[in-house]
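When the chains are written out, they are named A, B, C and D in that same order, and each has its own residue count from 1.
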Amino acid sequence: MNEKIPVAVLGATGTVGQRFVSLLADHPWFEIVSVTGSERSEGKAYGEAARWLLPGEIPLMVREMHVKPSDGSLQGARLLFSALPARVAEGVEPRLAAEGYIVCSNASTHRMGTDIPLLIPEINADHLALIDRQRDLRGWSGLIVTSPNCSTTGIVFPLKALDDAFGVSQVHAVTMQAISGAGYPGVSSMEQYDNVIPYIRGEEVKMEQETRKLLGELGEEAIEPADIEVSAQANRVPVLDGHLAALSIGLRNAPNLNEVEAALAAFRGVDGLPSAPAHPLIVRSEENRPQPRLDRDAQDGMAVSVGRVQPCSVLDFRMVSLVHNTLRGAAGGALLNAELLVIEGYLGEAAREVAFA
Amino acid sequence: MNEKIPVAVLGATGTVGQRFVSLLADHPWFEIVSVTGSERSEGKAYGEAARWLLPGEIPLMVREMHVKPSDGSLQGARLLFSALPARVAEGVEPRLAAEGYIVCSNASTHRMGTDIPLLIPEINADHLALIDRQRDLRGWSGLIVTSPNCSTTGIVFPLKALDDAFGVSQVHAVTMQAISGAGYPGVSSMEQYDNVIPYIRGEEVKMEQETRKLLGELGEEAIEPADIEVSAQANRVPVLDGHLAALSIGLRNAPNLNEVEAALAAFRGVDGLPSAPAHPLIVRSEENRPQPRLDRDAQDGMAVSVGRVQPCSVLDFRMVSLVHNTLRGAAGGALLNAELLVIEGYLGEAAREVAFA
Amino acid sequence: MNEKIPVAVLGATGTVGQRFVSLLADHPWFEIVSVTGSERSEGKAYGEAARWLLPGEIPLMVREMHVKPSDGSLQGARLLFSALPARVAEGVEPRLAAEGYIVCSNASTHRMGTDIPLLIPEINADHLALIDRQRDLRGWSGLIVTSPNCSTTGIVFPLKALDDAFGVSQVHAVTMQAISGAGYPGVSSMEQYDNVIPYIRGEEVKMEQETRKLLGELGEEAIEPADIEVSAQANRVPVLDGHLAALSIGLRNAPNLNEVEAALAAFRGVDGLPSAPAHPLIVRSEENRPQPRLDRDAQDGMAVSVGRVQPCSVLDFRMVSLVHNTLRGAAGGALLNAELLVIEGYLGEAAREVAFA
Amino acid sequence: MNEKIPVAVLGATGTVGQRFVSLLADHPWFEIVSVTGSERSEGKAYGEAARWLLPGEIPLMVREMHVKPSDGSLQGARLLFSALPARVAEGVEPRLAAEGYIVCSNASTHRMGTDIPLLIPEINADHLALIDRQRDLRGWSGLIVTSPNCSTTGIVFPLKALDDAFGVSQVHAVTMQAISGAGYPGVSSMEQYDNVIPYIRGEEVKMEQETRKLLGELGEEAIEPADIEVSAQANRVPVLDGHLAALSIGLRNAPNLNEVEAALAAFRGVDGLPSAPAHPLIVRSEENRPQPRLDRDAQDGMAVSVGRVQPCSVLDFRMVSLVHNTLRGAAGGALLNAELLVIEGYLGEAAREVAFA
C-alpha cells in the first residue's frame, strides 16, 4: 500500500498551525489534504491566508490549498490535528469526535477532562486506555487526545525520570518563555523588547494541573493525579523559541547527585514513531547549558534538555530544563500522539499498514 | 560652609564607575576630584578613556579630568567610591583604608569579611558598628564598607520586610538578570541575543551568603548569619538594566495574603540621606508588574519593586522583585552607604556640617 | 495671571498620546483639562484606559481623568493636541477647527493640504502665514497646524542647514526606524525580533512629499515645494525609540567637508519656546555616532543629531541623522508648534500673557 | 576511488571557522583532517577550544581533533580553508601558498592583490585566470584565492545582473549588518542591544573596492576595476545573521521596471558544484521582503535575495538585498571557490576524479 494517511490541520494559519504544516510536509505516514482557518481566512489560498513566520517557504503541497471553515468538509481526512484557539476548540472538537474524527489536539480546552487523555508517548502512553471510557461516556465514534501545554512539557520529562526513580513530592518551577508561545501577533514589541513580563495568563495553573495529571496513575474512572505539590511562576522573555525552566525539586527518597544524574540519563524514548527522538531527555554537563538558542533544536526540536543539575538547599535538587515550545511543546507533541494512535490501531488496520510498510 | 566633600571614584571608567560619575555629577554633598582607572586608561582624559555607555553626555566636571592609577594620588579626596574589579580591590582597598581613606566599595572581595559591614541603610544600618571591630582588628585609620551584589539587593528588601514580620525560613530565588550586570564589554551579543544563559559565575553563592549576612544579627565578634535556607538560580536575559527575581518564600509564622502584602507595604525608608528613596520598597498590584523596562527607574532607580504576591503551594508565598542593578544594586547603593557614613560622623564634623547645611 | 492655558489631548491613550500627556504634565504654560479616546476607552479613568508604556507612573493629574469621546465636550480647552489615527483625524480635526479650536495635529491626514501649515518652528515658521489663507478658504474660527512624520523630521534638519547654505538638489535616505513608531500594539515581536523589516506602509512617500513641503517657499496660494529629488527607503529595526537615517545628499554648490560641517553646526534654535532645545541640531564628530540608544534623548529628545559627515562618491556628501521619533518626531514637535502659536498670538492675548509672565 | 579530498581549516575556532567546520562535516568531496587555531587553542581538543555558537552539536569528526598551530603540520591536507584574522593571514597564507598549498581564504588581507583572484563562481569565474600570473610572479607551487567581504557579496549579485543587462554606473548602498559579522566575542551586548551602530571599521571601503574588482574585467596584468561609483554606509543592527542592504542604483541604459525585474530573475547559477544553489539570486515580490530572519537561510544560506525593486527618483532603481553573512558571505563562499578549483583541475586529476565520481 503506497498511499499515505490523509490528515487535516485545524487552525492551520496560526503559529502552531504553521508548525503542523511544516512537520507534516514530508511526513512518512501522513499527508495533508485539508487546512482550516477562521472566517477571515476562509476561501483564500493557504499561502495567502497564512502570514508565514517560519524560515523557508510554505510547503508547496499546501500553498495553493484553499482554507476551509473548521467545521466544514475535511476532504476525506479522518485524522485531524487541532491548533484551534481554546474557545473554538470547545465546541468544534467534540462535534468532530462525535462524527468519527480522530482529533489530536493541542488546544487547552479539553486537557483536564476526566475521560480525555493528556498524552506524551514517552511518559504516559498507558493513559490511552481512557479512550474506552471516553467512548462509553460520550458515545463518540471518533476520539480526542490532547497534548499538554508547552511549559508543562518542558518540565515533565525530568520530573518523570525523577518520580520513577525517587518519587517527586514538590516542585517549584520558574519559567522563562519564548514569544512564539503567544502566537501571532501575540506579544507587542513595545512590551517585550528590553523587558521581561512576569505574567502569562493561565499558564501557571496549567503547569500545576497538567503536571499532576501527566504523572498520575490510570484509575478506574479517571487519572488519579500524582501527589506532587507544584508551584509555577511564568515569565515571558525576549527569546523567539524555547521555554527554559529553573526547577527546585523535592524528592521522597534521598539520592545523591550522581544517582539523580543517572536517573535523568536513563530516560528512554519510544520505538517505532517516526517523529520520536532517539534521546528525548538530553542531560548536559556544561556549566551554562541548556540555552534556548543553542539547544532548542536538539533532535529536531523534539528533545527536552536539562542541565545545571545540583543539590538545592531548600528542596533537594535543582536544575534547568528546556523545550522547543512550538515543536515538542506543541505541534510536534500532538504529531507524536497521532503516530502512537496509528501504531496502537486507533485509526484501523489500513493505517497501521501504512505505518508498518 | 559652602564647599562640598571631595571624593574619588576608583575604577571610574567601567559600567559601575560610569554610574558613580553620573550620580555624583550633581550630588548635593559630594564633588568628584579624582577618577582612577587601569593602566590602559592612565593619563588619558576621562572623556577619552571611558567608553561612555549611558544616555547623555559625560558630565563636564570629569570629562577633562585625567585618569589616575588607583593607588596613586587622590587629590585630597578622603571618601572613595570603589568600582574596582574584585581582584584589584583585594589589595588596593585595604591599603587605602590603612592610609586613612573611607572606602565605600561595590567590589565583591571584602563583602563577607567578618569585620566588614555589608550594608544597606534601610536594612541593617546597625551593622555599621562592625567598624569599631574593623579598626581594632586591622589598625586602620580609614575603613571599608561594602554594598551587596546587585541580585542580592533585589531580593533582600522583601525578605527583610517578611523576616521582621513573620520570620523567613526558606527562599528559592530564580533571577533573570540584565546584561549591564556583566559590565563592558561583558556579554557578547553572539551569546546573549535571542537567548537566556542559565549561569552567572559566582552569582548564586553570593546571593546565598550575602542574604544571610544582611539579615543577620550583629554579634560580639561578627554578624550572626540569619537562619535562612537560600537557594538561588541565576540567569542572564536580553534586557539592558534591571534584575528580576521570582521568589518562593517559606515563613516561620503563617500569615494570610493580606498580612503579607501589608508587611511589604509597611517597609520604611531612611531620612536625611539625599539619595534615599522615599519609598524603597514599592508593592505593585497589577497582574503583570514589576517589569524591568517600566519599573527599573522607579524613584530614580533606587527603589525595589515587588509584585505578583500570591500564596505558593510549595513554600508559603511567592512573588517577583525587581532592582535596577547598576543604580540601587551597585553605584547607588554604595553612594547611600557613604551618605550614611557622613551623617553618622565617620567622615568627621566638617563633613557632617556639609550634610546638615 | 497665574492660570495655565487649558488644553486637551485627542487620542490620548496611544503611544503618541502618552508622550503628549507626559510632556504636558509639567508644562509651564499648558494644563491638561481633558483627554479623549476611542469608544473602547470612553468613560474609563485614563489610568485604566491607557496601557501606559513609558517608564515611570502616569502623571497624577490625568490618572483619574475620565476619557471623553474625541468629538465631545473638551472642558474649556481651546488648544487641542491631536494624536488621533489618520482616518479619525480626517473628519474630527476640521470639525473642531470649524468650531473654533486650535488643533496642533500629529496625524498625517491634513499635512499635505495646500492651506495647512506643515510646521517645524526652527525650519519654516514663516509657513504659519498659511493660516490666513486657511481661514479665508474654510471659514474656520479655529485652525489646524500639523507636525511632520517622524522620519521626515529626522532628515529635514540637516537638509535645511545644507539647503540654506549650498542648495540641496538630491537626497537618498535609508531609514532604520524604531518600533515605537508603529504605536501599540504595533509591530508583533514575532516579526520584529532578530529581524529587519524593509517596509513601512506609506512612510517613503510621506518622507518624499513632506520634505519638499517643509523646505518649500511660501507662495501666494500655497507652499511651493522645494526642487529637491527625494528618494526614501524605510526599514524597521529592533530598537525601541529613535529613527536613524543614512543620507546621501547632492548639493547645487560645491562646498568642501569643512564648509558642510560648519553649515550644520551653524543651525540655530528658536527663542522663547519652553520646549525648544538650545541646540536643535547636534553635530557629532565620533566615528560611530549618533546611535539611537545613546543619542535619542539629547536635549530631552528634542534635538536631532548628525554624524559621520563625509564626502560621497555618488552624490556629494553622506551622513547619518537621528531623531527621537515620539518626542521631537511626534508629540514634542506638535507641542513646539503650539508654543509658537501662543507666542504669535493665535490663541489670543490672555494666552500670550501666560507665556510672557 | 572512495576517498575524499583531505582539507584543513585555518582559524577553525572562530565564528567563520565554525561555519567551515559545519559545512565540511558532511561534504561529498572534502574531509577535514586538520584544524588550526591561535596559541590559546593549540593542543586542545577542538570541542574544548571552540566556543561553539551554532545550533546543534560540534560535528563528531572534529570534536576530538587536536587544534594545531596555523603554520604547523596540516596532516596531509593540500586544500586549506582560511578563516584567519587579517593580520595573521598576511604572513601565513603566502607562506603556505609558497609551500604548495591551495588556500581558499576568507580573510580580507589579500583580496585586493593584483594577482589574487577575488572570486564568486557565479559572477567572475574567469578571474581564475589570474592564478597563472600569480604563480609567475610569486613562484608559488600553491595558490591563494579569496572570497569577498560579506556585505560586498550581498550587493554584487544584483549589481552583476544589472551590469550585464544595462550597465551600472552608480550605487549608493546602506547596509544593516548582523552581529555575527563581527565574530566572537565581537560586539558587546551593552553596545548593540536596543541600538544601531552606524559604523563598522573598514567595511565601507571594502564594499567600494571589492565591488569594482568583482565586476571588473580580466586584463593582461590585473583586473580592470569596473567603472562604477560605489558609496557604502555600513550599520550594525541587532540581528544575529543576515546582512540587508538598501540600494539605489544608476544605470547606463534606461530599462523599465519590468526589464529590471526580468534581468534580476534571469541570473543563473553554476553547475556541478555541490554547494552551489540552484537559484543564487532570488527575486521576491512581497512588499516587505526579503527579511533577515525569514530569508537568510534560503537555499541553505547560499542564495542572495532581493526585493522591493522600484524606480528611484534620485538614481534609477532602488531595491533591498540580503545575504547570509557567514554562509554565502563567508565560509560558504570560500567553499564554493574550492569546489570550482577542484572542477577546474587546480587540485590535480585525483581530486577531479573525486568530484566526478
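In this text, a contact is a pair of C-beta atoms (placed from the backbone, for glycine too) under 8 Å apart; a residue touches a chain by one contact, two chains touch by 3 or more.
Small disclaimer: the values here were computed from a predicted structure and weren't measured.
Asker: Write down the chain pair with more C-beta contact pairs when B-D is set against B-C.
Answerer: B-D
Asker: Would you mind working out whether subunit A and subunit B touch using mostly the same residue numbers, over half shared, or mostly different ones?
Answerer: Counting shared over all numbers used gives more than one half: same.
Asker: Measuring centre to centre with CA averages, how many angstrom lie between subunit A and subunit B?
Answerer: Chain centroid spacing, subunit A to subunit B, equals 43 Å.
Asker: Using CA atom averages as chain centres, what separation in Å is found between subunit B and subunit D?
Answerer: The mean C-alpha positions of subunit B and subunit D differ by 48 Å.
Asker: Centroid from C-alpha atoms only, then distance subunit B to subunit C, rounded to Å. What do you get?
Answerer: Computed value for the inter-centroid distance: 40 Å.
Asker: If I count partner chains per residue in subunit D, which residues reach a count of at least 2?
Answerer: 53, 193-194, 238, 240, 293-294
Asker: For subunit B, which residues are in contact with subunit C within the complex?
Answerer: 52-56, 193-194, 293-298
Asker: Could you please specify the touching residues of subunit C with respect to subunit D in the complex?
Answerer: Those residues of subunit C that touch subunit D are 170-172, 174, 176, 193-199, 208, 229-231, 233, 235, 237-240, 244, 246, 248, 250, 287-294, 307-308, 312-315, 318, 320.
Asker: Which bits of subunit C are touching subunit A when the two form their complex?
Answerer: 15, 53, 179-180, 182-194, 238, 240
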